[in-house]
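Presented sequentially are two complexes of chain A, the first with chain B as partner and the second with chain C.
Then we have the complex of A and B:
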């Protein structure tokens, strides 16, 4: 049995929608357009990854499923956004901390997802947290699979937030 | 859905900007079949590689675009891993961009607030600061720039975001 890796916590998001946006070879900046529209429509982005290397420009955003109507408004507003966006309807984020900046740890996460045949839609790291996006309907299975390889403190916080979802409105 | 109202600063607060320079960004395109081998290689490697940032995007190919931001001292270790991988799965594409720079910052409740990414991209775009990659999770914003651009980006962002007084 391999040695379990010690982590301090795991957090599961609520249900999200992932928007994968490809920038076509066009001067119109779809990323800027989407971000501006999301801000104007008060949509929080739970997860964002953007890359712009060479000719390839790809963006992924996760928004709360409660904002689906607002998201549809954004996409309907601009035909280029609609044409180049692919939606994944039911997505969840799993955040694990700390990652200790270890590439082996990232390898463990991708190994667990591959072995358990779980979909992996994206990964992004921050100062201490690594966040993965996967199918929301399989998020419990994903966390259970991960926990088989991770050692959590006995008093760790609950994985899922039981508090009601909130929308922050600016005053 | 419960709605709460909160105070919103005119200039969004941050805990300060951090810059790291002289890094290298590696872009690997992994077919789905290669993910298992890639993971196994990482797990069996004698020496771990310490990263600065990792991004993974699933593309339509279908394949995974894996972006590894590393200090330059890890380049040989990564090359050795790729070589071992290439022995069994030929045709793994890898592009390296070097040197590149990282700017990252955190702010209160960034994960729960809308408009932060727009403020970042909008202000950088207005000043024509090129961005190679960006990742936002929880309360953090991580941005990768070409060489010499991170200090310029810091100046631009410092006009838009509030930083702690030094």
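Then we have the complex of A and C:
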């Protein structure tokens, strides 16, 4: 029988929009432009990750779906931003912790997604957390599939929580 | 040689829990972790800590509620509680402030982002 991997918790985000921004080979820093515009428009970044292969670099930004209109305004503002940005509507983040620096654990997560035929739009780790982005409509299926292989504490924190939101109104 | 002290770190940010725990373990403390107030209560009942590093803003049961319950409990009132307060003066759309941290029954408080060296000083001062 397969032994379950012990984790301390899982967190699910709300509905997000993922912006994949390719950095072209020119001096204009599109990521700096995007981040400046996001700050000016008070758009919170729920999750961001960077994918690099050689000189190619892609940043992925996940923002709340409620900010979709403001996001479109930002991307329309600059032709280079519009040309190099790809949007994935309705994604969700699943964060699992701790990963304990285990490659086996990362392998299990990708295997579960593959077996359940779930899209995997991004994966990244921090000090203790591994976060995956997938289709928001399938996020419950993803968590159920993962839980079949994970052992959680009996009184773990709920997966989906409404964290107190702080929006800085003046900078 | 003195007995190793037990510390419970409670925060809904797993990376913060991990970084604080690593620092405490490097200073030879025994560390338990919890990710919200209710989970923390279970850990406290299982293995009573000497000190709790407790975040304020958490789901299910926030740090103020847990702090007040512990300090009003005959069994647990002697546990040292250090509150982590996350909200800076620049944030106007919330009722949490640093002053709230000072006016609870907590023994000490430290603002976020955490200065780990200062936190270690607070822990040592309160466990002496």
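The rule we apply is simple: the second predicted complex is superposed on the first by the 157 of 171 C-alpha atoms of A that agree within 3 Å, B and C clash if a C-alpha of one lies under 4 Å from a C-alpha of the other, contacts with A are read in each partner's own complex, and residues count from 1 in each chain.
Going forward, a residue touches a chain if its C-beta (ideal position, glycine included) is under 8 Å from a C-beta of that chain, and two chains touch if they have at least 3 such contacts.
All values derive from a computational prediction rather than experimental measurement.
Of the two partner chains placed by superposition, only chain B is touched by A:38; chain C is not. Of the two partner chains placed by superposition, only chain B is touched by A:102; chain C is not.
By the document's definition of touching, neither partner reaches A:84: not chain B, not chain C. Which of chain B and chain C touches more residues of chain A is settled by the count: it is B.
By the document's definition of touching, of the two partners only chain C reaches A:9; chain B does not. By the touch criterion defined above, A:127 lies against chain B and chain C together after alignment on the C-alpha atoms of chain A. Contacts of A:50 after superposition: chain B is touched, whereas chain C is not reached.
In the superposition on chain A, the residues of chain A contacted by chain B and by chain C overlap at 95, 126-127, 129, 164, 166-171.
Here chain A touches chain B in the complex through residues 20, 22, 29, 31-32, 35-36, 38-39, 42-54, 56, 58, 60, 66, 86, 93, 95, 101-104, 106-108, 110-111, 114-115, 120-127, 129-131, 164-171, going by the rule given at the top.
The touching residues of chain A, when paired with chain C in their complex, are 8-9, 95, 97-98, 126-129, 153-158, 161-164, 166-171. Contact residues on chain B toward chain A in their complex (touch as defined above): 1-8, 25, 27, 35-36, 38-43, 45, 48-60, 64-65, 67-68, 95, 97, 104, 106, 109, 111-115, 117-119, 121-122, 125, 130-140, 142.
On chain C, the positions that touch chain A within their shared complex are 12, 14-15, 17-19, 33, 35-36, 38-39, 42, 57, 59-60, 87, 90-94, 96.
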